[in-house]
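Below you'll find the structure, written out as structure tokens, and then a few comments.
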Amino acid sequence: MLVTKLVLRGVYVGRFQPLHIGHCQAIKYILREVDELVIIVGSSQYSHTFKNPFTCGERISMIRMAMNEINIEHSKYLIVPIPDLENHALWVSLVVSMIPRFVRVYSNDPLTTRLFEEAKIEVKDIPLYEREKYSATEVRRRILEEEKWHELLPTSVTNFIIDIDGVARIQRLKVTDNL
Amino acid sequence: MLVTKLVLRGVYVGRFQPLHIGHCQAIKYILREVDELVIIVGSSQYSHTFKNPFTCGERISMIRMAMNEINIEHSKYLIVPIPDLENHALWVSLVVSMIPRFVRVYSNDPLTTRLFEEAKIEVKDIPLYEREKYSATEVRRRILEEEKWHELLPTSVTNFIIDIDGVARIQRLKVTDNL
Amino acid sequence: MLVTKLVLRGVYVGRFQPLHIGHCQAIKYILREVDELVIIVGSSQYSHTFKNPFTCGERISMIRMAMNEINIEHSKYLIVPIPDLENHALWVSLVVSMIPRFVRVYSNDPLTTRLFEEAKIEVKDIPLYEREKYSATEVRRRILEEEKWHELLPTSVTNFIIDIDGVARIQRLKVTDNL
Amino acid sequence: MLVTKLVLRGVYVGRFQPLHIGHCQAIKYILREVDELVIIVGSSQYSHTFKNPFTCGERISMIRMAMNEINIEHSKYLIVPIPDLENHALWVSLVVSMIPRFVRVYSNDPLTTRLFEEAKIEVKDIPLYEREKYSATEVRRRILEEEKWHELLPTSVTNFIIDIDGVARIQRLKVTDNL
Amino acid sequence: MLVTKLVLRGVYVGRFQPLHIGHCQAIKYILREVDELVIIVGSSQYSHTFKNPFTCGERISMIRMAMNEINIEHSKYLIVPIPDLENHALWVSLVVSMIPRFVRVYSNDPLTTRLFEEAKIEVKDIPLYEREKYSATEVRRRILEEEKWHELLPTSVTNFIIDIDGVARIQRLKVTDNL
Amino acid sequence: MLVTKLVLRGVYVGRFQPLHIGHCQAIKYILREVDELVIIVGSSQYSHTFKNPFTCGERISMIRMAMNEINIEHSKYLIVPIPDLENHALWVSLVVSMIPRFVRVYSNDPLTTRLFEEAKIEVKDIPLYEREKYSATEVRRRILEEEKWHELLPTSVTNFIIDIDGVARIQRLKVTDNL
């Protein structure tokens, strides 16, 4: 018999490049189904590219700010960065070894879903919230082309990106990626 | 002018193999000096050796249980795993890229201290609490030699180690390390 | 004077994503020229992408099944997985260190050929057998678009792919690669 | 229903630095219990140290020679090199991804046993055959100190080590390790 | 007080695939502003691809030949290879740890510039010298398409590429990259 | 026929932790036999341990200072850092790919010698100059135990170590290594 109390813990995987309102909707949705959520900052090792402009530390900051803004208590979630591996077949083991025990993964990404399912771990879809609009790809595109992007993000995250000069970073990195 | 509110954030680095009462004392001490603490799970990639028996995920579980047990609120700390690097000269940059902005590091480890100081980052000592007794080396030795070890750990961590069959793991791994 | 009997050993490099009838033709052709063949499972670390859907273990299974199906004795070949390296200049050394001594490489791939030739190792072309049809790219395309693909593979490999649910894997992974 | 015929496949892990008569006894023992054996050349990436003098390719050669010498058919076994990983928690996944499906592991090594058991994979002990004498450590010691070592190895492996000048390699490398 | 004499040392980063007259112009320009120049051979680990055909050693040879040809003394520069890292956020630290102390970086590459600026290291632009013509991309294109390319390189570098059969290498590798 | 002039180029491998007078003697000796010398800074990735206290950049600085001090012209040598590899069997290939063509290696280290000899590259011994006294191990021991160490190093290197606070670094790191 286990002495330690069991917790109904879920897992949510994202890159958060950057965190947007769609991520917030997903997290609120999942927290109705589980007691506690592990938010995985995926592809944690990448930064300073157009597709992955922000560092892991910046993305952790964004998540904590956004959770505060939408009134999700700190006790309800924890954040764990996980790098991509060259060998996809090891990634589920990496996740299992790096986070507390969990019962279920929430994901719409086909590769993530496939890998967990092959390891016999339950995966559930998340209802997408205006997918066309609330996507990190769309946010980066608007920042690049100097269209309105503030409305796609929680206010605290918008301010944070401005503070760290994230707009210039994205615009600069695009040029390098084009070479 | 920054829009984002500045937080007085400290950093504490440990391996937590396993977490013991000395770690709890240190964290309580540091939280009197800072608003928020980043607890780094160092050498995060190692597990299943006698010196590093527990996985990163198990160590994160221990930290959360212990913080609950000593009534430290979730909003006061966040946990980030950081692997060791072959190239020590890059480790401070790795830390800086993986965690939110911080003002100061708390450490008694000479290498950690040296690396941060060479990077012009402030480091402060932590008063040690009965160092002979409260050390992870001592905990592993007592587990190995079947002496009393429960008194060195928070009760929740003791229970967790028992639940995951950690005693047998440590005893087994010692044999491999001896070969 | 060497005591160990010398064997005329050849090397054949493929990714086998998946193994098809063209690979079988090539292996039969080479075995007319050498006593023993080392079949290298190249890019061994990749799986679960549209271009590299199958794991190393699955590809080894395919090769053994196909060799049985076309009546090539086990004593005539051995299979060794070799990962790709970031640094191409080291790859020939890796091969040399990981397999028994060999006299010649069979390959039509320009990079493989170039690397072995620069290392002063003999490389011979393999006659291609209906290249348009018998290629792994064509197999994956047909699986994706639900065209007839069974005829391109040995029967045992077709059955194996069906057993491990390989069709769904390829179709799912295509979506991720499109993102 | 699976179309592919199921094989009762076992796994045996060794470093084979070098292969000795104890390994041969173990393989004969296991082949009485399984249809087919995957022989894993562990720590495959190491060579040219006193503890790991031989390359992966040399060790594969030794295994094939020894299996011929003791009349084990090629169809009964396959050889797969697997590197050590810095992160032990991923090693079982690596094995699973790199070899065909198997039902059971044979090992006396405490770490190997522990890792497979934590992954819910069956592990069986192998009866040791004069462990003091038939061990790779003893072989290397005797080679270093110029005592009789031929009797510990299959004749073909002894000859192979002589052919590749393995004695000088071991004696030289000892000096480097001492520094 | 420092005993060691301080040197006004600059840094110039290039891939030199291959070195062309534009690089020579840049180096001459920079040496008017600094006492000594560290020439970084970037992406040092890559070779034998169409974009990165030459090894690090070949690129070092090119630089030394070209510096001789344009009469830059050996005492004025040193060459240090630096690999790309998966994690961009660590690259500046890697540079700092691998070369002697420097005061300024010369670069027109947006990513390089951004990374050094975020680390509070001064970066200056270099006036480009007929950028359309003098670029490594243009050199490789001309070699591939068998147009006139000698005029873009110092004579010694042209001869070196011919000596090492670099033309065939580039033409061959293009085919592999197209697959 | 080669257009590029051939140079009689030798290779000397050291870790230079730190560079001492024995290294200087060796380099002077070798330069009597070759036109140009590639000085390899081995184990380039390590720093901040007791055995490897100095970064690659610091070691490059030491070499250049010492060569100036003993009046060896810049045109006679070039310095290339090479990291250790986990897989020794690839190290010679790495060296060959990272430096200009060479004819001979100078080394007394048994592993280095063995690896180059197995690759059919000529290796020559270097006469040792008061080995007991002029060794990096002895220098670090004296620094640690606060005995006289200046006399073992070129004056410029002694001054450099003092300038970068190397004495404190070595003394601090010893403590960490003892844990």
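So that you can tell them apart, the chains are marked A, B, C, D, E and F in the order they are listed, and the count of residues begins at 1 in each.
By definition in this document, contacts are C-beta pairs under 8 Å (C-beta built on N, C-alpha and C of every residue); 3 or more make two chains touch, one makes a residue touch a chain.
Note that the structure is predicted; figures quoted are calculated from it, not measured.
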Under the touch definition above, the chains in contact with both chain B and chain C are A, D, E, F
Equivalent interface to C-E (more than half of contact pairs same by residue no.) among A-D, A-E or B-E is A-E
Chain centres computed over CA atoms; the one at greatest distance from chain F is chain A
Higher number of C-beta pairs in contact (B-E or A-C) found for A-C
Of all chains, the one whose CA centroid lies most distant from that of chain D is E
Chain centres from averaged Cα atoms put chain C and chain F apart, in whole Å, by 43
Cα centre of chain E to Cα centre of chain F, whole Å, reads 25
Chain D and chain E have mean C-alpha positions lying a whole-number Å distance apart equal to 46
Among all residues of chain A, those touching at least two other chains are 47, 55, 87, 89, 96-97
Chain pairs that touch, by label, are A-B, A-C, A-D, A-E, B-D, B-E, B-F, C-D, C-E, C-F, D-F, E-F
Contacts from chain A onto chain B in the complex sit at residues 2-4, 44, 47, 55-58, 60-61, 64-65, 73-75, 78-81, 96-101, 156, 159-160, 162-163
Note: in the complex, chain C contacts chain A through residues 45-49, 55, 169, 172-173, 175-176
Counting only contacts in the complex, chain D reaches chain B at residues 86-89, 109-111, 113-115
The answer for chain E against chain B in the complex is residues 87, 89-90, 92-94, 96-97
